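Per-chain residue numbering starts at 1, and chain names A, B, C, D, E and F are given in the order in which the chains are listed.
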């Protein structure tokens, strides 16, 4: 089994972080191919960033069509997800989508901790597009002074205490280690989207599931 | 890894069907323990059936608490799912819930084929309780003359042609073989809930995910 | 006319409180039979509590089937309401449901004051299950120091002043006296669910209304 | 106890029908004062009809303010309901609203049989304004040849068989007798809104409930 | 082209303010006829105010039926909008409705600044009736000390900084100048409903669009 | 005033049709610049078509940034609308969005007639993304034998008679003449999206409205 994880940006550092998280999850049970997107910006933030990433992401899906058993879009805003589903008959998962569905099966309410204030309204709209808004209680950003873990934990605690979040989702890719450390400290599930998407994709491949090519993702055929 | 699959009824035949489907999915990668529910009715249909199944289902979760890595409720109406989540810190998945979420990642619209007309309104309410109604286009029952496969295929075709369904969900447990045969004939994903739930649960266990014990499923603690 | 009020727990104290409230409402116009649930826990809080109460509640409905004109489930989380509707052709009302509908006819917005923080997410989900979330503005718990009335009034005032609540619902059974005292002090309707359910049930019996036995509550027949 | 039932139109025939239905329900337990609306049209159909009825309806509420214990708006489109609530501290109920809430407590799904096609979209919007659309399965009109009862029964049967309606609501005032006859024939609850509203209002008066005068219905005070 | 702007109240001062705003927008491109409503209260606040305004508003539409190309209801609670649409085949726009739709095309989220606390729940219900609640983030009132502009700007800043509003709507008619001044200071679109409605109506007239006279606004024909 | 109308595909024929419709609406009051999209496919149907059109559409907005007073995306699926709003401070309107909002102001219910079956589920999702689904009653395709007008009229009649549509929207760009002819025959408003968007944009420009550059469309600044 080979799951191709597409990092929609071109950052090698971020690709490495995602690769480490993915390989740690895969643990040798299957192969993961983690790729940056050629021609994409260093970070996916704006609507233009997503558009600029589309050609490179499409090229990866076309190139790996036969070799991949599933694809994962490793950016928490799920850019170009519908486009890639149209291009492939293999399962294609977004890490945002996967994290919301898993959160809804592990608790009744979740919060998202997102890296920057700018992306907050995008995240809320994304959650609504998956109809998960009744499980969603808040979006917060890392806060206060100190290191990354400390600032995320501070935000996570407020999600729990002030908003009643039972599960916390990290709104960025490649934060696998942070998720594990936060889970230890906070005592509630803290989800990294890459792991969420991989865990669903692995099962889908074992089950032989494919993207439906009837109507919506059929490319007009 | 050991995933305990609870058949909420007491039927040995149905338990065997579910066990076969589960072992076929597991394919030796992990152990599945498929159990009928002691003291439950032969078939889960009514609200009383669900209530009668609760004590036996609870007993299984309590008994297998340490030995199981995840639990699956193998009836497509997801009876007592919240109760079992409260009783366990392991992931607990319903096959209805799992089938709706996977369907929404494989296509834009799905139909459910349910065994009997009586359960149709229950199914619609179940789909709404998971907020998946915007992906749901119809519920149908096996129709016309002939064998089971033939009657399901006839219903499936109408789901596709009249309702626009891109994915079809079988609204009962243990129909794994039927799902595979229908997928071959209809050319769209046909989902058996047991396989759906197992495929998510397997990944959750690999990812080390647990049910949140903060608030909703905390049993008041 | 005889309305059977089922206290889903086994507490005799709480049963007495509910009986007093019910008889005060009935005022001799009709008979109320208020019963604790045999085999149920002392208090209904968790999902397991609800499951444990189901057999005793069912037994009451079966035993009083002919003698009762209507049944009321006197716990504000409406446990096993659908089950009891299935078992009886008489009207069966939950005190949560009744309080939300009456509140929506007496004002545009309501708040719920619930006894403990733990039950808050359950209450929100309950309100959503009746589609009353657009009238719902907040859930609060008794707050600050002092006696019960004082602490409820403090919460009630905040519901009005900070959340704009026009009607206040007490999220527990048997708080009839408290509701009256709060109404006096706060000047807005403060609803006790037992009184709400009795007031609807009394009218339903006069109107000769029955639970529909077609499909959803037909027990599969 | 005196419940004032306002027929929003000026038809004496319809007023008499409503009076008969109301007195039959009241059965001497309380007084009903059923009044046509001075200056209103003979039938309430259009938005202008509703506006023309407003002054007369307001005048009735002002005149009977002290003498009435509750008011009922006896037209199934609930015209000027919010206005009257603003004018009175007594409970004010619409027969549409009351019928939808009672239907949702007697079954999982209801249909409305409305007198004319023209009012169908109004009815659907009304149901949505009370958030009852998830219980609503269809609106139909009396159909085919024959007498009134026969034509309503034909529509009712289709609501049950084709749409799955478990409860049927008559979408006009003063059809009390028809509701009873249909209940006999169809075997499911068939609701007349006047009876529904009276049955809730009677209980509200016994419970001492009042319209909230805080904010929404406070007339700006 | 002649657009008739109906001020639903009888205040000459407010009519003058609206006329100035309207003529400034029209800028000689078309004629605006701005009229107070005969027989209406000085200010439209309560449900009764709206009912009292209905006859005069209807009379204006009837009188100007041939001479007008479109009508605008210049009160931000859109009183009697459906009634006037029923009475005319010309486009009839409410300034509330127009402001919400334009806001949703200029940003992802909007807040409303309303003159008085009393009207806040009405405004929220109005926004819901147009299904714009997912774009709506808050309602605030002018706050603090100082002149009108200063107090509105203070509220507007909080809408932006605390609620994330990208567009601000002034919840009253005739605040055109204020809207322009606020836009300058705050740097986001601040909308006056009269200008919004006029800008849509002008285009509708150029496009030859008319109110549909089939079903809902057909006056029963 | 110069409104730039972007035809997201590269078809010169379609561009000409759109230009004719746009100039006919503008009627010399303002300038319209109608442009095909360089590098885009001949027709926009699939998700990939939309992605392929993004660079060319962005280039047009960048090039015309100063010269344009507003932009219109002239494809009824509103491709890349959010992207273009991010790139410009001028109003940017989609013809789908504009047609849904105008329809909701001209009637209570609308249908869409779409050119091909394939795009039906896309259209339904688009309508939901603007929260207009409660006004939406059906989507149909031109049907039967004969010329284009005849086949559209046949579909339109069914929208009215079977679905109750009060307004009909043509789900493609450049069908201005067809819309006028259908309006004549059917007697209800039949909307062409290009005219709808132009009519709103013209007013927005006169009102001096701009896209908010705070948060959602700020490109991260």
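One rule holds for everything that comes next: a residue touches a chain if its C-beta (ideal position, glycine included) is under 8 Å from a C-beta of that chain, and two chains touch if they have at least 3 such contacts.
Given the structure is predicted, the values throughout are model-derived calculations rather than measurements.
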Key: Most distant chain from chain A by Cα centroid   = D
Message = Among the chains here, which has the CA centroid at the largest distance from chain E's centroid?
response = B
Message = Counting C-beta pairs in contact, which chain pair has more, A-E or A-F?
response = A-F
Request  = Tell me, please, which of A-F, A-C or B-F gives a repeat of the D-E interface, judged by over half of the contact pairs matching in residue number.
outcome  = A-F
Query = CA centre of chain D versus CA centre of chain F: separation in Å?
reply = 43
Note = When centres are defined as mean Cα positions, the distance from chain B to chain C in whole Å is 33
Remark   = Per the C-alpha means, the centres of chain E and chain F lie apart by a whole-Å value of 25
Junction residues of chain E - those touching two or more other chains = 108-109, 121, 134, 164, 215-216
Note = Listed by label, touching pairs are A-B, A-C, A-E, A-F, B-C, B-D, B-F, C-D, C-E, D-E, D-F, E-F
Ask   = For chain C, which residues are in contact with chain A within the complex?
value = 120-121, 125, 128
Message = Give the list of chain D residues in touch with chain E in this complex.
response = 45-48, 50-51, 54-55, 58, 80, 82-83, 85-87, 118, 121-122, 129, 215-216, 218-220
Message = Under the stated contact criterion, what part of chain E meets chain A in this complex?
response = 108-109, 134, 164
Inquiry  = Taking the touch rule as given, give the residues of chain B at its contact with chain A in the complex, in rising order.
reply    = 25, 27, 29, 91, 93, 97-98, 101-102, 104-109, 130-134, 160, 164-167, 180, 187-189, 191, 195-196, 198-204, 206-207, 209-217
